[in-house]
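Here subunit A shows up in two complexes: once beside subunit B, once beside subunit C.
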Partner chain A sequence: MNTKTNFSTIDFTILTYMLQSGITFFVLPRLMAENFGYNGWLAIPVISIVLLGQIILLGHVCKKMKRTSPLDRIDKVMPKVLRYPIYIFLAGTWAVLGCSVGANYFQIIQMMSFPNTPQYIFKGILAVIAFFILVSGFEGFVKGTTVFFFLTIWTLFSSFVVLKDFQFDQLTPFIFAGDTNFINGSFEVLKAFLGFELFIIFSSYIQKDINITKAITLGHLFTTVVYTFVTFIAFGFFSFQQLLDIEYPVIQMLDYVKVPFLERIDNLIFSFFLMKVVVTVTAYYWAAKEVLQQIFININESLLIFIIVTGNFLLGFMMETAREIETVVNIFSKLAFGISIVLPIFLLLIMKRSKNQTNEVKDHD
Partner chain B sequence: MIKLSPYIVMFFILMLISGCGADEKVIEDLAFIQTKGYDIIAGEDLEDDGEEVMYRLTTSAPLVEPDREKPKISRVTTARLNKEGIQLNARTTERNIVSGQLRLLLYSKKVVENGLRPLLDVLERDPQIPARAKLAIVEGEVNPLMEREFDEHPRTTIYLDELLEKEARFNVIPEIKVYQFLRDLKDDGKDPTLPMIKLEEEGVAVNGLAFLKNDVYKTKLELDDSLIYFFLEKDVDQGDLNMSLPNPETGKNELVSFTSISTERDISVEKMEESFDVNIEVEMKGTILENIGDIDISDEEGQKEIEKLIEEYVTTKAEEIISFTQQSSVDPLGIGKKVRNSMSFKEWEELNWREEWPGVRVNVEVDIDIRDFGMSVRG
Partner chain C sequence: MSIFDFWRNKKKTKEEDKEQKEKKSQDSESLSFHHVLNNFDNCADFNKRTFTSNDGFALFFASLLNTEEFERDVIRSITKMDNHQLREYLAQEHFEEVTTNKDMILGIVAGSVGFFLEGKGYLIEMYGPEGRSIEESETETVITGPHDGFVESAGKNVSLIRKRVRSSHLKCEKMVVGEVSKSEVYFLYIKDIANDQIIEEMKRRVENIETDGVFEANTFVQILEDSPNSVFPQFQTTERPDVACSKLLAGKLILAVDSSPAVISAPSSFVEFFQSPDDYYNRWVIGSSIRLLRFVSFIITILFTALYVSATTFHYEIIPDQLLIPLAESRKAVPFPPIIEALLMEFTIELLREAGARLPTKVGQTIGIVGGIVIGQAAVAAGFTSDILIIAVATSAIASFVIPSYIMSGSIRLIRFGFIILAGILGNIGIVIGITVVAFHLATLTSINKPYLTPITPLILKDFKDVFLRAPYWAMTERPNQADVKNKIRTKVKE
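Up next is the complex of A and B:
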C-alpha cells in the first residue's frame, strides 16, 4: 500500500514546522504572560528542550519500525476486540482536533473580517480543499506543504517592523513573577508544539535514507526560535498588563505594522495563515484516515476520505462560539498529547516483544 | 497536472471568497470614518448618581467623488455607546459608515476630565479600529473644531493628522496612538500623556501636553517647556530651543537659539533608606544659529561660558518640570519603570509608587556639547 517517493529532509523539516505552528501562535504571548508571569517567554525554549526528549523517542521508534506501518504491527499482536476501540479513539481524537483547529481559525477570521458571513461557508471551503489534498496522496500533501511554507514564511519579517517600539524597560528584570500557573502554562506551550507526533503514522511513507529524527528536530528548533522570538518581542512591545488584556497579541502587533502601500496588513497576513491551517487540518485527517483504513479494509480510499471530511464538516456546526471551540481544542489537544507519548512507547514494547518471540522461535529451531 | 488540482481549487476559492455574502463591501457604498470626536453633554458633574453619561459623537468621513460640493460626510449625534453613535450618524447617509480607516480620535477636555475609560473599551475590543489611530484632547469643544471649514485645508482630518505628526517630529508634542496610549495606561510605572489642540483664528494649533492620572485628565504642560520634557523622557533626535539666559555678570539676558538638538538620556536609581534617589543624565548636542548678547562666543572662554549658561537653564527647567509632575502626582516620564526595574518583584508589589513618587528626589545633570556656532566667527 505504501508508495515511497523521493523527498528530502528539508521537506519534513518544513512539514514539522507547518504542523507545529498553528493558531496558538497568535495567543501565545498572552498565555505565557498569564501562566508564567513577567518574562514568561523564557519558558518556551525550556519546555521546547524537554520536548526534544520526546522527539528523539519518536524518531527512535520510527527507525525501529523500519518504515513499516505502526498500525500493521498493532494488527499483528492485538485481537480485533481490543484494537478496534483503540483505532476509533485515535481516529476520533485526530479528526476532531483537526476540525477544531479549523473552526478556531475561522472563528478568528470571522471576528476580524467577516462578522456576518455564515461559518459553514468557511468550513465548507476548508472541507473541499482538505478533500482534494487528501485524495492527491502523501506526496501531494508534503510537496504542497513546502510550497505553502514559502508562501507564508515572509510574514515573519513583519515582526521586525514593530521593533522600533520595543522597550527593554517593558521586559522588567522579574522572572516568572506575578500570578503564575506553571502546569497550565506548560500545557499551553506543549499544545503549541503539537503536530510532530503524526510522523509515527507518516513514517511508512518516507524513504529509508531520510533521518526522521533529524528532520523533526530541525523543524522543532525552527518553531522554537520563531515562537521565542515573536513572544519576546511581544513582551517588550506591550506593557505587561496590556499583554494580559489582549486576546490575540500577535494579531495586535500586526495591526500596528504599516507598510507604504497598505494601511492595514493584519487582515492580509492572517488570511495567508489559512495555508498553515490547511496543512495542520489535512495532516490530522490523513492520520485519521490511515487508522480507519485498518478497520474498513475494503472501502475505497476516496470514499473514506469523503466520509471523514464530510463528518468533520458536520461536526463543525457544533463548534460555533469561541468558548465551545476553546473547550474542544483543550480537551482534544490534551488527548493528542497523551497519544504522542503513549503510542511510541506502546509500539516500542510491541516490537520488543515480537523480537523476543522471534528469538524464541529461532532458539526453538 | 492532476496533482496540482487541489491548489488550483484553493486559488479559485480564495479569489471567490473575497466577494462573499453578507460581508461584501463595495467601496462606493462605504464611508470610511477618519475622525471621531467626543464631547460630553450629560453627566458632566455626575457624582455617580446613576445618570448615564451621554456623549456627542461627531464623525467625519471623506468622500472621493470629485463632483461633490463638500468633500466629506460629517454627522453629529448623541449616544451612550460609541457604536450606537456611529449607527445613528449613518441614518442620514446613503453610505455604510465604517471605522477601518480611522486616523484620529478627538476628545474634549471635559470628556477626559470625566475619565476616558468608558470610551477605551471599544478601542480594545473592536478589531476594525486601527492601533495606529492618533489620540488628542481638544481644549474646548470638539464639534465646532470638526465642523469648521478651513479654506487652506479642505480635508480637516488630513490637516490635523499631519499637523500632529509634524509637531511630534519636532518634539513639541508626543505622538500618541491607540497602541501607545493603552500601553502607558496599563503600565504600572508610567502615566499616559496626550497632545492638546485648540481651535484658533487661523486654524488649529497644538497648545499643550496633557498629563493623565490613569484615564483622567490631571494637568497640562505648556509647550514652551515641552522639548525639555522630552529630554527627560527619551532620546531626542530633533528639536530647537530658544532661550533667554540671565547673565549674572552683566545682569542682562543672553538671547540664544540652540538648534538641531540631539540628546541621550540615562536614568539611574539609587535605593535610599526612606525613599529613592533618581539621577537623570542628559547629554545634549546642538548648534547655535542665533546669539544676541554680551558674551563673546568667538573664543573658547566665551563658548564655555555660554555652554554653562545653557546647562543651568535646561537643568532648572527640567527640575521645574519634574517637581510639577510630582506636585500633580503623575508620572508621565515613566520614572516608575526605572524604579521598578531596580528592585525585586516583591519590593515593587509592596511599594505604592503613586504615593512614593512625589517624595522621590530627582537629580538632573545636563551636559552640553555645542557642535558649532554657525557660519560667523564674530563675537
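Up next is the complex of A and C:
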C-alpha cells in the first residue's frame, strides 16, 4: 500500500516561513534602527522584493532538475577530488549554522530564566529532538513543521496587544536618517530571510505536482509581512534611542502583554519559538546529512544522523558566550548566503552543459 | 530450572507439538463420528442425542443454541422419522453437508447442531444464546439523538447498522480471528465510497494476526494499530450504531468483533476523538461551541497544573500581583516543592478516579465525597497543599472527562504527568519541549497508513469544516479526505 503522504503547496509555504523566521526576528527592529536609521523598517519589504529574484532563480533550478537530487548531478560531472571538498564545505557550513542557531536560542533562554543551568542540557534536549525528527524522514519533518506552525502562529497575535501603546510620533518624518550602514543592514535582513535555499536539497523529496517557486514565494511574502509588521510596531512602540539601546526589542515589547491570569508572558512566548528553532536546526542538519551521504555511501543513514547530531552537540561546547555565538552565526550565515547564490547558478551551468552535450550527441547521431 | 528440566520440557513440547500436528491432520481427514465425539470429551455442556426411530445422532452445545427453537423445529420432527425420511430431511437446503472432521467441529463450536447419519455429516445453524438486550451505551451517552447501543453479539450489531444503512452497497465480509477463540470479525464498508486499498490493507493485517483469541474491540485495535507503542489510540471505537453509520458514510471501514459491544472505525484521526454525536444533533453553532470547549478542555488537562508548577517554581513574574499574594499565602505552609505537591495531588485524583470506576455506583459516590471534600479540604488545612493547586488539579481532572473518548481521555491524563515533571525541571521551556515532542509524535502517527493528524498535517483546508467547529450541513457537501474515498460528494451515492 502506498504510504506516501500527499502534501499540498501550502505545506511547503509553511515550511518556507518556518525556515525563514527565526531568532533574528527578536533583534530585527534594533538591527534596522542601527543600520537604516529612522523608519528603518521600510527597508525590510524593499530587500525582500530584491530577494524574490533569487527565489525565482532557485525555483527555476528546482523545476529544471525535475525532482532529481542536485548532488547526483554534481556527482556526474565532477571527479571525487573536486567534489568531496565542496561537499564537506557545504555540509560543514549548514551543520555549523544549524548548531549556532540552536546555541543562540538557548543562550537567550539561559539569560532570561536559567542563569545557573548549563547550556549543554538544553542543547542535549535539542539534539535528541532533532535526531528523532531526522530519523522519521522528510515526510515526518514536513508534517511536524506544519503542526509547529499552528502551535506558534498565535504568538504573532500578541503583537496586537501592544498596539494600544503604539505612537505615530515615534515614527518621525525622517526616512533612513541617522548613522546608517546600508550594506551591513542589508546583510542582516538577508540573514533573517535565510533558510529557503535548502529547498534545492529538499526538491528531490517533493511531489511533482507541487509548485516549488509558488510555495517559496508565498512563504517568503508571509515572512516579509510578519517581519515588517512587527518591526513597524516596534518602531512606533519604542523611541528610536530605545530601539538602539535594547538588545532584544521584540522580547521587551512582549513584556507588556497582559491577560487576566497571566502577565509578562515574553518568556512563555519566547519558549514557543523553540519549535521554529527545531525546524531550522533540523533542516540544516538534514541538508548536511544529504551531502555527507554522497561521500559516505555505505554508512547507515541513522548512524550518519547520529554522528551529525552528536558532532554538533559537542561543537556547541565551543559556543558558550553570546559574542562567540554571534561571531559564528555571522560567519556561517554569510557563507550560507553565498551558497544560496552560487549553488543554483552552478547547477544551472551543469544542466546547460549536459543539455549541450546531449544535443551534440544527437547531432552527431 | 535445571538443564535437565529444560531438556525434558523441550522434549515434552516437541511431543505435544507432534500430537497437535497429528490431531490437526486427523481433523482435516474425512468425517468420523468417533473422532468428532472424542474431541469434545470432558465438555460438560456438550450434548449427544440419539433417536429411537432412526440411526441418527445430534451433537451440539446446548448453551450455544436457541433450545426452544431447536426442540420445536428440529427435534420434534426428527424423533418421528425413519432413516429414509431423515435422509430426505437432512438433504434440505438449510442443512449443510460437511465432509471433514474440522468443518464439523468448527460448526458445532460456532453454535450449529451436527447430525450424523449413515457416515455422513450435516450442520444446521441454531445459534441463539441469550445475550444482553439493546441498551444505551454507558460510555458514550448523548442528550439528544438515538439511544440504542451495540451489544456483545456481532450479528446484532451488524443488524443495527443495516437497519440504518439500507443499501445493497453496504458490504459485510466475515473473517475468523484467534487460533483458539475462533472469533468472528465482520468488515463493513460501503462499496463505491470506501477505498479498496484501505480494505485490503486491513484484511491483510487481520489475516496476519496469529493469536489465541480476541474478545474485545479495544484489544483488537492494539493488535491492528500502526504504532502499538504509542500512548494514543489510532483507531476509534464506538458503542453507538449512529456513529458507526456516519463513519461508513464518510468512507471508513467498520470492524465488528464478536462478543464486543464496540466496533472499530478505520482510518481514524486525532480530532475524531473529540467529536461527539451531540455536536451533530444540536444546531451547528451550539455543536461548534461545545466542540471548542472540548479542545480548550484538552489544553487545560495537559497544561493547567504544569503551568502552576512552572510559575511557582521558575516564573513568578507571569502571575499578576493580585493573584500572587493569595498564591504565596496558600503556599506558605506547604513543605514540598511545587512539582512534588502537584504530583501528589494528581496521583490522589487518579486514585479516586480509579477507585470510583472499580467500585459499585453507590460506593463510588461515597468515594467521590470522601476524596473530593474530606481529603481535599484536609490536605489544605494540614498544609500539605495549596488551595490554588486543588483548583488547578480539580479543573484538570474535570476537563479530562469532557473528552468524549474514554481511551483518549486516559492517554491525555497520562501525558499530563510528563508535562508536570518537565515544568518542574525546566519551567516554561520544559512545557514547550513537551508540547514539541507530543506534537511531533502526533504528526508522524498514521492510522492504517493514513495521516493521523489530518487535516492539520498534511494541511487540507477544506476538511476544517468539521474539526474545531462543526459547520452547518449545507457547507459539508464533501466527505473528508483522510479515508481517500472513491466518491467525494456526499449526495451522489449510487443505489
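Throughout what follows, the second predicted complex is superposed on the first by the 360 of 365 C-alpha atoms of A that agree within 3 Å, B and C clash if a C-alpha of one lies under 4 Å from a C-alpha of the other, contacts with A are read in each partner's own complex, and residues count from 1 in each chain.
By our rule, contacts are C-beta pairs under 8 Å (C-beta built on N, C-alpha and C of every residue); 3 or more make two chains touch, one makes a residue touch a chain.
Computed from a predicted structure; not experimentally measured.
By the touch criterion defined above, A:Asn6 lies against subunit C but remains apart from subunit B after alignment on the C-alpha atoms of chain A.
In the superposed model, A:Phe157 lies in contact with neither subunit B nor subunit C.
Look at A:Thr146: by the touch rule set out above, it reaches subunit C but stays clear of subunit B. By the touch criterion defined above, A:Ile109 reaches subunit C but does not reach subunit B.
By the touch criterion defined above, A:Ile14 reaches subunit C but does not reach subunit B. By the touch criterion defined above, A:Phe261 reaches subunit C but does not reach subunit B. Under the contact criterion defined above, the residues of subunit A that touch both subunit B in one complex and subunit C in the other are 113-114, 117, 122, 125, 129, 132-133, 136, 140, 144, 147, 258, 263-264, 271, 274, 278. Partner subunit C is touched in their complex by these residues of subunit A: 1-3, 5-8, 10-11, 14, 109, 113-114, 117, 122, 125, 129, 132-133, 136, 140, 142-144, 146-148, 150-151, 258, 260-265, 267-268, 271-272, 274-275, 278.
Within the complex formed with subunit B, the residues of subunit A that make contact are 38, 111-118, 121-122, 125, 128-129, 132-133, 135-136, 139-140, 144, 147, 165, 169-170, 172-174, 177-178, 238-242, 245-246, 251-252, 255-256, 258, 263-264, 271, 274, 278.
Of all the residues in subunit B, the ones that touch subunit A in their complex are 2-3, 5-7, 9-10, 13-14, 17, 20-23, 100-101, 124, 127, 130-132, 179-180, 182-188, 190, 334, 337-338, 340-341, 344-345, 348.
Across the complex, subunit A is touched by residues 197, 200-201, 314-315, 317-320, 323, 426-429, 431-433, 435-437, 439-440, 442-444, 446, 449, 451, 453, 456-461 of subunit C.
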